[in-house]
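Shared chain: chain A. Partners: chain B in the first complex, chain C in the second.
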Partner chain A sequence: MSYFSRRKFLGKTGALLSAMVAAGFITSTAMAADYPTAEVNTTGLAVTDDTVTVGILHSLTGTMAISETGAQEAEKLAIKQINESGGILGRQIKIIQEDGASDWPTFAEKSRKLLRNDKVAAVFGCWTSASRKAVLPIFEQENGILYYPTFYEGLEQSKNVIYTGQEATQQILAGLDWVAEEKGAKTYFLIGSDYIWPRTSMKIARIHIEKVLGGQVVGEEYKPLGDTQFGSIINRIRLRKPDVIFAAVVGGSNVAWFKQLNAAGITSKNQTLLTLSVTEDEVLGIGGENLEGFYSVMKYFQSLDNPNNVEFVKAFKEMHGADSVIGDVTQAAYLGPWLWKAAVEKAGSFDIDKIVEVSRTGEIELDTAPEGYVKLHPNHHLWSKTRIGQWNRDGQATVVFESDLIEPNPFPEGYQ
Partner chain B sequence: MGDFSLQELTSILAMQGFVGISLFSVLLLMALGLAIIFGQMGVINMAHGEFMAMGAYTTYLLSVMTQTYFPELMNYYFLIAIVASFIVAGSFGYLTEYVLIRHLYKRPLDTLLATWGLSLIMQQSFRSFFGAREVSPTLPDWLMGSWMPTDSIFIPINGMFVLGLTGFVTLGVFLLMYRSAWGLNVRATTQNRVMSGAVGINTKRVDRLTFALGCGIAGIAGAAFTTIASTGPTSGSLYIVDTFMVVVFGGAASLFGTIASAFTIAQAQSILEFFISSSMAKVLTLLTLIIILMIRPEGLFSSKVRK
Partner chain C sequence: MNFVYERFLGGKNGALAIAILAILILVIFPLFLDAFRLNLVGKYLTFAFAAVSLVLLWGYGGILSLGQGVFFGLGGYAMAMFLKLEASDPESTKIQTTPGIPDFMDWNQLYELPWFWIPFESFTFTLLAIILVPSIFAFIIGYSMFKRRVGGVYFAIITQVIAVILTVLIVGQQGYTGGINGITDLKTLNGWDIRTDSAKLALYFINALLLLGVIMLSKFILTSKFGQLLLAMKDKEDRVRFSGYDVSNFKIFVFCVSAVIAAIGGAMFTLQVGFMSPSFVGIVPSIEMVIFAAVGGRMSLIGVVYGTLLVNFGKTGFSETFPELWLFLMGGLFIAVVMFFPNGLAGIWNKYAPKVPFLRPLVNSSTNAETKSAPAKIESESTIEPESTTEGAKS
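Right, the complex of A and B next:
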């Protein structure tokens, strides 16, 4: 199995990279010797002759553990697979895991510990924008590298972060274009939780709807985080009769929102709804029966039918249980270690500066990603496809639309 | 904006009216258990939300078990779940009082800290047993969807169910506290603990049962709320602020105060929310509350006890 997946990975990766690593594969045992530690690690990272240490930094406790569980499970799977296929520059990856505990200062403190004391070669972690903003100055100061998996609001690009999820325009614009064309939507009701990600997303959505699609926003509402009463808003939606409800509600509110919407008689039979914030993970809490027929816009769905994904889902379930589910962020987190491996092998070094340099060439690519081919843009975000999934009662989505590869654009002009 | 017929507008107003009543029943059900504990015993139970989550998880467990072993009973399990939630949360409350609370009656501020610690322990236990992700009990079909008295009016069935349950529980609490011998003991203990002891009331036992009753009602609320909101390790913390707001505003020692307070807050919140943004509605509601509490620090209905 390890031999197979390694071959498959190599076979499909860029020609230069394959040639280089394949040479190492043939003389697998001698490979670490081909890359003497003194040469691949000039800045004192935790790299020995046969191991390299990385950090995983997610919330295992506290309110964000709901979301971050899947991400850290996927990162461990990727690292296990890399190790089974011979490691990275002949070195096995060791993990130091820290708990961010859903608390942003704790994230900062733990990232400082990972970078300064443990000297980890890379960190895979964070979920919320708040936690990323908290660790960012530390990664810049200590010159570490963070692989960040969540789809987020954009407006950021750091030398020390690789963003493996989508930034806002990739997710939103394609979704709105689809709903305008496919459903002939003219009027939109925007609703989100009251914090930075939904507000930034809805700002982009409103500009796109009004300026590009020639549609009309008939309502824009934000609910305080954790609020569980949506009755009044549902009646306002009835009053406005929008063609589409465009939603970005998160957390416990998200569950309440869909349960109450369904109970109030607003279902896919009489209303089109497109959401930015429901993945397979959220469906567990909301219940498939409350979502049936509604649409999510994401770059990945567990039901994607391609050989990479079939194998990924199988491996994930083997490692983490048959009834585990895989959402968009989980898949993006899985890409982190693989992208890091590709960059290290291309650079022939663990040095952060060299990894950043090759990451900026625009030539780091993965053919083996479950979501399909992805490529790293010089702006540190991924080219990726955007997909629309329609939810079924069983908690899985049917993909009804797939875009071309979309260029990441974290600072969209005219959308700010 | 769409154009409406008069009939549509009337329908929406009718539905909005129900939203207000529905929110009232939710707030009241949340607050009843706390009102008993805080009002009768003066204990600030910060773990109230977690006792609700305990009820919600009991419902979830029963839902899973019913589906696995007795799928033909799926239509009825929810009623059993409510009773089970009451028993589970109530028993745990009884234990909590025995182990933790009774040592702290003379230090009311410390109960705040102790129960807050308890809430963190309970949250992490839920996370360890049930996983960090939210879960969703399968609801029986009769609780789903909406009742349509006319073509354009949708009344959520889960809302009506919570309303009915709240009425039932409130009536039960009323009968127990004001029409039973046990209730007389509780009220006597509240008014004068030493004298109650002197006339032969076992005040320790009264305390323990009162605390258990409050927690049990929180469990019922948790079970009922699985129909309208989320079930996760931290779901309970979503309710705790609103719950305290209702109890403090209503006046700590009065059941009628709690009812009046839940009604006022629910109507203010839902009506404002219909016209202005949710965050702004919340700000205005809270501001009004603060002003009223400045004028009447004891809340809407204060108990007339000689101090």
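Right, the complex of A and C next:
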């Protein structure tokens, strides 16, 4: 009896499975047959009749690993979802992952390996500007395509890169406008880590504050990357009593900066602080209690209340654990594979030149992005909304302001 | 001819070892590796310059420098500055506020080329700078330390501190140096596009030949009286001093020579990899260079080249195959080498090759040749008798 029923059961599931396989096979061959490999891949990329290979290039080791982990997890989630929904042009996506090891030359070496030896059809990766600058010449020379997820300083527009994070003006101008209007801010104190992104951001901020908002910059300070002594800067802040502290401190310094502010008695009760560099990921290290009431300006917060985001957060936590948090860059990284899919399907080809061509029409758009509707601008950056979140003790932000879609402008005139 | 044979090649065995290395890097690698892998090997071989410089300084001189990255970096930056200026012509930088200056200067609100960049518009000056800047820098460090008889672990710590200071300086002064991004997007050398495959192949051969040249030059230095003095100083510095030699001058000299060798490696690195960044100047790369030398065998000019190749192949191979585990594997490799083969690859060769009948004649004759030309050279320094060394130096 039991034997019989098991056999029956096996038979049934077997039939079901084979039906599923057959159905899948038929749809995928039907799809792939519409797009023969010889036509969709004229430049010898790693595309076969049923698979397409892409690269993921983030730091899995070294100081940047903590920041880049979220980004590569989001990219894997997006690729998994695309595969489950039938893949791209009937082809399943395979991943080759490489470790950039928080080391810019390693990024260069691995990107050359991915493009030249593995012939990947696209690369999702990089986090810091330095790593992007290191791989850029290689992508241009080998004619690959990179989907880069981090908000960054702008001043760049490569044929071979799609920037899915915000460039500096998108993030900064809306944030400063809000703080000037909402808080009546007149005096600003600028502080950042000493490298290209904070310096460029503060340059744009200073011009906007002085020329557009009619405010005054009462201090501009930079600290070396990794520095943890903010005592003298905090004294200067106390002396000059700015209406707003505008901060772009990154990495390990961030933790020291907020803890020392707190210890010095500067909290949201007596000081407005707007930061460009704190996402949910950083809050894990800084601690919600040190940030409570301060503001971040970003295009995405995990707490965004829209159906796309609710679903995204659920899927992300299912794949990577209930404790995982999602920051701005993680969400931007999630967009990469989807934007690539949209471009490939619109072009009907995996060829880099054709993908770039359709990406430049300004017609690549995503309705399903967790941050809401986004559209690719011909300058390779995304139209996106800017939001201001106020941090709570639990490490999540309450969104207090949301802009309209802002046009990306990597080379802002009058701001250079 | 005989002079060249004995002094530059190190006798029959030395000549054979160099010939084998030359065949490997000049014939076998280019024949069997694709362009990408060959370029990687080229990059590894630039680190071998630093490892060779450590054989002179640390292996024979007994002076452990944890700051060879400084000189590697100085050479690399000198070359990068020249290439960057060439890449920043007014035409390709016309979107900048100030066209004609490197892009990172424009981002950092500089409106003209800083004075110390201007000479790097000349290729001749750049080549001179690659040799002179590191040697002058090494002279200043060496003079101020060796004349005061600072040595041993204090010297190692001070060189490490210098590596940190230089890194902080480069990162902090990003308007002048490119900061943490380094100097990127290098394109041509006197109009010759260094990014093409043919250029990379040519650069690989130039690099390999330079490395062989440097090894032979080092051999010459080590087989001279100076080389014997170095060993003597390492074993019993006071005795050499009491014999009437000015020890500090010899130390300064070998420090300068090792600085220049590392700098040549740095310049070749920039040419082959296409950028230079502070991540080659700091503590980590400097210590890696010491590891290359330790794995290869710090008393062997040829051994360290194999050591550098082995470690770097391991690094690339492990990290490609096991992106999440590779650091542990590298750690395991280092521990294994230090525990079981304290004299590195060269030590393994000297220990086991005589036991293989087919290799025996090669090793025996080599030992003889080495003993003839440099009586003090013995593989394991623990067996060196201070007496015999000093006598060797005097005789």
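Here is the rule we go by: the second predicted complex is superposed on the first by the 387 of 416 C-alpha atoms of A that agree within 3 Å, B and C clash if a C-alpha of one lies under 4 Å from a C-alpha of the other, contacts with A are read in each partner's own complex, and residues count from 1 in each chain.
The working rule: a contact is a pair of C-beta atoms (placed from the backbone, for glycine too) under 8 Å apart; a residue touches a chain by one contact, two chains touch by 3 or more.
What you see is a predicted model, and the numbers here were worked out from it, not measured in a lab.
In this overlay on chain A, chain B fits alongside chain C without clashing. In the superposed pair of complexes, A:Ile162 makes contact with neither chain B nor chain C. By the touch criterion defined above, A:Ile66 reaches chain B but does not reach chain C. Look at A:Pro224: by the touch rule set out above, it reaches both chain B and chain C.
Legend: residue contacts after superposition of the two complexes on their common chain; A:Thr200 is shown touching chain C, with no touch to chain B.
When the two structures are aligned on the shared chain, A:Ser129 is found in touch with chain C, with no touch to chain B. With both structures placed on the common chain, the touch criterion links A:Val313 to neither chain B nor chain C. Which of chain B and chain C touches more residues of chain A: that partner is B. Shared-chain residue A:Phe411: touches chain C; no touch with chain B. Contact with chain B, but none with chain C, is seen for A:Asn262 once the two complexes are overlaid on the shared chain. Between chain B and chain C, the smallest C-alpha to C-alpha distance in the superposed model amounts to 5 Å. In the superposition on chain A, chain A positions 60-61, 194, 224 are in contact with chain B in one complex as well as with chain C in the other. Partner chain C is touched in their complex by these residues of chain A: 60-61, 97-99, 101, 103-106, 108-110, 112-113, 116-117, 129-130, 133-134, 136-138, 141, 153, 155, 194-196, 199-200, 203, 224-225, 411, 416. By the touch criterion given at the top, residues 1-2, 4, 12, 15-16, 18-19, 22-23, 26, 124, 127, 131-136, 138-139, 144-146, 148, 154, 156-159, 225, 227-235, 237-239, 269-270, 273-274, 277-279, 282 of chain B touch chain A in their complex. If you check the complex, the residues on chain C that touch chain A are 34-36, 39-40, 43, 95-97, 103-104, 106-109, 168, 171-172, 174, 179-182, 184-187, 195, 273-275, 277, 279-280, 316, 319-320, 323-324, 326-327. Interface residues of chain A facing chain B in the complex, by the touch rule stated above, are 60-63, 65-66, 68-69, 194, 218, 221-224, 226-229, 231-236, 238-241, 251-256, 259-260, 262-265, 281-282, 284-287, 289.
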